[in-house]
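Dropping the structures in below, format is structure tokens.
Next come two complexes built around chain A: one with chain B, the other with chain C.
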Partner chain A sequence: MSISTRTPPVIGGRRRRAGARLFRTRLPTHPMAWWVWALGLAAAASRTTNPLLLLLLVAVAAFVVAARRPMTTWARGFRAYLIFGLVVVALRTVFHIVLGGGYGETVLVWLPEIVLPEWSAGIRIGGAVTAEGLASAVYDGMRLATLLVCVGAAVTLADPRRLLKSLPGALYEAGLVVVVAVSMAPALIESAVRVRRARQLRGTSARGFRAFRSIAMPVLDQALGRAVALAAAMDARGYGRVGSLTVGARRTSAALLLAGLLGLCLAGYGLLDAATPGSVAVPALVVGVAASVIGLVVGSRRMVRSRYRPDRFDLRSALVAVCGLAIAALFVLTEMRGDSVSHPSTFPLVWPQLALLPLVGIAIAALPGIASTPVEPPASETVRGSAENLAVSAITAKGISAR
Partner chain B sequence: MSLARTSTASAGQFIAGRDPRPVRIGAKSATALVVATVFGIGAFGWPLLVSRDSGIAHGLDAPLIFGAMLLLVVAVVLALLADGGMDAKAVAMLGVLAAIGAALRPLGAGTAGVEPLFFILILGGRAFGPGFGFVQGATTLFASALLTGGVGPWLPFQMLGAAWIGLGAGLLPAVRGRREVALLCAYAAMACLLYGFVMNLSFWPFGLGPTTSVSFVPGDAVVDNLTRFAAFSFSTSLGWDLGRAITVTILVALTAAPVLRALRRAGRKAAFDPVVTFEPNS
Partner chain C sequence: MISFENVSVRYAGATSDALTDVNLVLPPGEFCLVVGPTGSGKTTLLGAATGHVPHFTGGLLRGRVLVGGRDTRTHPPRELADVVGTVGQRPMDGFVTDSVEDELAFVMESLALEPAVMRRRVEETLDLLGLADVRRKSLAELSSGQQQRVAIGAALTAHPQVLVLDEPTSALDPGAAEDVLAALHRLVHDLGVTVLLSEHRLERVVQYADSVLSLTGPGDPVRYGLPGEVLAESLVVPPVVALGKLAGWSPLPVSVRDARRLAPALVQRLEDVAPAVQESSAAKPPTGDPLLSAHGVWQRYRNGPAVLRGVDLDVHAGEVLAIMGRNGAGKSTLLAALQGGLRPERGTVTLDGDPVHGVSARARRRLVSLVPQEPGDLLYLDTVEAECAQADSESGIAPGSTLALLTRLIPGLLTETDPRDLSEGQRLSLVVAIQLAGGPRVILLDEPTRGLDYAAKDRLTEMLTGLARTGTAVALTSHDVEFVAATADRVAVLSDGEVITEAPTAEVVLSSPTYAPQVAKILAPGTWLTVRQVEAVLRAGDPLHSARADRAGRADQADVLSAPEALR
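On to the complex of A and B.
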């Protein structure tokens, strides 16, 4: 069903060496592995307010991103997430200074205070700014910023557009809509530029809303015409071939999906209400997730499709994912063992401590920066392929130099 | 070998003057939409519903857990809607409208409150029905997040919020002419304000932290939490939300008639309703 051009098929006696080959071949890390790793890092960040640990987490994310970032324009966005994180910390600090809650006793500055009437539910503006309150606001802001940086690392390392390829068949249509949208948006801007140039050539000089309308409507009409043409092309190429799903399987899939939804709904409200014993929310969550996922997998047989260059989940990818899970587990363990390392006291304000357990976690999380498959420069893609490709690229190179 | 046949009996006939329904909502997807909406109310309104002793009332847990669950819920609803029938024409139309929305998004990112994305979403949902509007909302937000790098824990919430807006636009009563434009304007203003309000509500504890006097207090009286939330909204995002509501309403008022005409013409050209089936020629 799926055809891969990355690895030659394993035949006969060479099969026993498959394990060794998995480590030797240079399969790119699976995007899902990067997401598991980054979400593990995010989970670790959500379990601590220790600023030293949070800074180390950001450093790990930045190190792995710097080492394993693919060479695409998409991958330049990590810096934006770092800046966004700084903005979050700054905003939190400003909010705390202006609308602080009067927590702590080491007063740094007195701001003029505006007293609000009784009904304002204890809201105060201005007043004392304390070291304890400020530290607590900054710690909490840093935790949120670290979380954002972890998501940014996942987005940078694993292009979410590659993840779309691994979507189950039941979500094929929705994924296809996103792919069409992402690839057509630049064409729309180009179309707008073309219409505008045509208007200028005709000497039209309308401004303001009239100009907007005389550009936007032709662009919209063109785009809609393109949609009808695209649909015809997809139909002509056999899109939407309904797979071999029996009526029974379809009903099973729908029933599982609906049961999963109900389970998730029940679990959501169970989690909100502590009066419901934990024994209701957690099983409902497990059943809901399991039923939804199985329903999606069963429903996936609705579609028959082949994948070009499917992403493979090899041992190196598994290692990356395990590193993420390990740091999350070690940080949860640290939180359970005692409060002072995970959540350093801000009242009284003390210097945050470090411990061996979370440091081991940090070291493990940094491992993918060295152990995962290195990223190849994009140019080698054509060179590394088959002999024909090599010949073709040699010929092209010659042609260029001859000219 | 095979013979194309247009069956009009099974999938609803083309009735002149009625809007086409490229994404049909059957009994299964209707149930799924209702359950997802009930879940969404809990996920967005959790700061008002959570009890003091709940394990997720503190820290960053609630938005993350609810975000992950929401992603699964939206995926399940999309799978059920697709199973009900989404042909190449619907996919292509959705893709193009989502592309327009995603291309409009950067125009609004820098300037205060201008969010032109919602206007094409409302008009798309209006022209092609509630099921189409739901899928359009979810996919537009996802595609624009991919294009602008706005992927984050807030994305599942934005997807469901926008999907609701598209769904609601498709469910509005069938009127035509000036009354339709007026109806859409009123809906646009209300939907934009509500969207800003619920997005704010779900991320209020997350964005502000527990250390200020307008912060979320888990399990406090609903009125007290609402007062603090109103103060927070007023001081941060009210200008933004009002600006968005006003610009989207003006855009709808000025462009609803020609854009709807173009969409409906494209819908007629695509002929969504008749279903073509292939049968062996015996």
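On to the complex of A and C.
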């Protein structure tokens, strides 16, 4: 193991000595902690339509990603999520303009309206575009985009493959299948690009279904071949070896897991649907959780596997997770107070307000960007990359403090 | 360690056995090389030793296979994971995780080894295979030689007693292949691992083998014994053995080193007749204007380093040009740029003075055509006949022309076959026929020898030299030094995106130990490259033989000529 020589981040004057002991472990942040943090951010985003808060959330996500992104190929995709977020906002806006429900008074522009027959009442194409309607559409799109960016941050910071290592044994096999399937996607794209290029070599000018078929056939053929080769390789390397568990115990585990899942579904429906009485939802939740846990424990004994260098959950990781929970809690609290901070009015259209509570939440959520374990550069040649990364995070930090 | 007892394998739906009545006992610590032409059942035999056949492939296995004392009938591959390690042809296809360390640990996790043991074995394996520098890298970033070594390491961490490898070096350049084989050699010596390995390019492996297992075809008996003995009667032999047979050496040498000790007499005999022959067969420098030429071609990957850095290259009508170089040196990119499908960032590619990029894909097909590395990429229809008909319409030629061309390339191919069921060599021929249908003036082939056995490679050599003789310019990339020595008139060596050498074949391959074919190494300082050349010289020197050889030679030529002429 190479030991990083960078000094740990200074948390502040005198407190540093006490803090240093607690934070001395320099374990990489647990992937589960990153996911909790990112989902906390997402939960916060789902609780507000305030564009200022949403922008701040995106900025926090970007800041932490820039500071703590691992140097793997996997982690290079964050920008794609940002772009995808912009696309979502744009789409939402365009849909509103074309199909809009034109409420509001401040008409910005009149589009030619297409008169639809009687039966399509409620649908309108074209017509007035109002500032109020537009703002509400943009807010809505921004919320969705922020959710996307939060998920992107989680994926970037914690490779799903590392998350797999922390799954309970009973879920390992299913989890691996999902992860392998996901990682097939880049191979599929590469294969499609290659085949398309090859198609040009044949000089084909086919369009439509014929062209699609001429590309899809070799790509699917190759994907299938790869899948079979991978399955054979996994088989040869001991994947799916049966442990010492009896058939009965295996069935019990499966039944318990199924029952648990059913209970959780019922509980989820009950909690979200206001019409269902709490007397149904709460017991379903309890039973569901209990059955799942027992099922996982029993099932995990079936898998005789060990873990190579498993991720450990230390204090820093706990801090990261707590930061995520904190921002979610503060945003929920803000919403419950019911003022216009969480959901600024669009009719009449007013400038969105900020408040202390959500701002504190934002600050806490940004903490992992400095307080979590710094990423170790993977090899000497990428040290340059890490310097760049630090520079980026410094710039981002400056940008945020300038706000 | 491995024992086969009366083993026969028949796949579902097949009318004959893929493997018939194999009896074999492989002692521990032996490096056994499996040889045989395509379709002789090499893969089936290797699969049977790992339990892959029939547990994974289906089919019926009669008899009994014991590996490390375990019967494969009752132990599927996953229950044999601690005894047998398997390495395939394409390491990337078999990777489960995406980092080097995790990949090495995967099998140990399945075997539920203690974390401390896993940690130790990973470190040992990293050292053993020289992977310590790349331990934290993602698997996709590694070179193909490194990837193959990771695949071997991933099998090795379980401390298996047997390692089964199916053509582990087929995609590697000569240098990377040497690395992988040297690593294997060390395993056999240091750890006493039993190795069962199949390979088409025997010249790379045979000197490491303790024994050879020769398969000739389904139904024929299997021969097993010392390399020299078995190869003396084998259908497929490396050049060193072919040369030994020709010279009548006994015992038959299998390594260049052994052969070199026996060589002086042969060199003497050759030199007696050589001067005259040398002159006639000496490569003549290309004459006239180049047909296809690249000037200062630059190309870079998006956000990446430059792949091609100002490449200048000429391809002349009537010559076969081989482009060689490491994996990742930019060979495939160069071919794509030469074809015109890839517009270079800087520089030009011209055909007879006109840039090739300006032309539509359809028209370009009639000028320059490219056979890609994965010939299967070009195929998408259900039968050979349908593919050929499609090529006719794409090239705007009379229906049936492509099929006629294909039949001349490989006679007797069933036109109703699904292209996916063809052997590598047959599929390559089909794609070559499709790409030749438009009558291009230049044909480019990317790594055409992959997966071909000696017979198929010989046919390819004949086909390409035949094409060149009719005035087509041929350019190909290859890692196969023997094939290049036999086929190419000129060789260009590409390194790090630049052409570092461009000269007649003999000049290039004789000056570099990596690119020298076996015959050249044995007969150094002579300048003979292939067994065929030596044979021709000997015939010319032998008055009894010369008349017959002359006749045979003429017949040979006529035969070769007839094919390409018909192509026109």
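One rule holds for everything that comes next: the second predicted complex is superposed on the first by the 253 of 403 C-alpha atoms of A that agree within 3 Å, B and C clash if a C-alpha of one lies under 4 Å from a C-alpha of the other, contacts with A are read in each partner's own complex, and residues count from 1 in each chain.
By definition in this document, a contact is a pair of C-beta atoms (placed from the backbone, for glycine too) under 8 Å apart; a residue touches a chain by one contact, two chains touch by 3 or more.
From a predicted model like this one, the values you see are computed outputs, not experimental measurements.
J.: Have a look at where A:Arg307 lands relative to chain B and chain C in the superposition and call it first, second, both or neither.
T.: second
J.: Taking the superposition as given, does A:Arg194 touch the first partner, chain B, the second, chain C, both, or neither?
T.: After superposing on A, A:Arg194 lies in contact with chain C but is clear of chain B.
J.: Considering only touches as defined above, state whether A:Val180 meets chain B (first), chain C (second), both or neither.
T.: In the superposition, A:Val180 touches chain B and chain C alike.
J.: Of the partners chain B and chain C, which touch A:Leu262 in the superposed model: first, second, both, neither?
T.: After superposing on A, A:Leu262 lies in contact with chain B but is clear of chain C.
J.: What is the contact status of A:Tyr103 with respect to chain B (first) and chain C (second): first, second, both, or neither?
T.: After superposing on A, A:Tyr103 lies in contact with chain B but is clear of chain C.
J.: Which partner does A:Phe95 reach: the first (chain B), the second (chain C), both, or neither?
T.: It touches chain B, and chain C stays clear.
J.: Tell me which touches more residues of chain A here: chain C or chain B.
T.: Counting residues of chain A touched by each partner, the higher count goes to B.
J.: So in the superposed three-chain picture, is A:Arg226 touching just chain B, just chain C, both, or none of them (first/second/both/neither)?
T.: Both partners.
J.: In the superposed arrangement, which partner chain does A:Thr146 touch: chain B (first), chain C (second), both, or neither?
T.: neither
J.: Which partner chains sit in contact with A:Thr29 here, chain B, chain C, both or neither? Use first/second/both/neither.
T.: After superposition on chain A, A:Thr29 lies in contact with neither partner.
J.: Counting contacts the way the document defines them, which residues of chain A are shared by the two interfaces, the one with chain B and the one with chain C?
T.: 161, 176, 180, 213, 217, 221, 225-226, 230-232, 234-235, 239-240
J.: State the interface residues of chain C toward chain A in the complex, per the touch definition above.
T.: 50, 52, 55-56, 76-82, 84-86, 88, 90, 93-99, 101-102, 105-115, 118-119, 122, 133-134, 136-138, 140-141, 154-155, 158, 336, 339, 341, 360-365, 369-370, 372, 374, 376-380, 391, 394-395, 420, 434-435, 438
J.: In the complex formed with chain A, which residues of chain B make contact?
T.: Against chain A, the touching part of chain B is residues 28, 31-32, 35-36, 38-39, 42-43, 46, 49-56, 59-61, 64-66, 69, 72-73, 75-80, 82-83, 86-89, 91-103, 135, 138-140, 142-143, 146-147, 149, 151-153, 206-215, 223-224, 227-228, 231, 235, 254-255, 258-259, 262-263, 265-266, 269-270.
J.: What does chain A use to touch chain C in their complex?
T.: It comes out as residues 72-74, 159, 161, 176, 180, 183, 194-195, 197-205, 213-215, 217-218, 221-222, 225-226, 229-241, 304-310, 378-379.
J.: Over in the complex, which chain A residues touch chain B? Could you list them?
T.: Those in contact with chain B are residues 42, 46, 77, 80, 88, 92, 95-96, 99-103, 119-124, 133, 136-137, 140-141, 143-144, 147-148, 151, 155, 160-161, 170-174, 176-182, 184-189, 209, 213, 216-217, 220-221, 223-228, 230-232, 234-235, 239-240, 250, 253-254, 257-258, 260-262, 264-265, 267-269, 271-275, 278, 285, 289, 292-293, 295-296, 299, 302.
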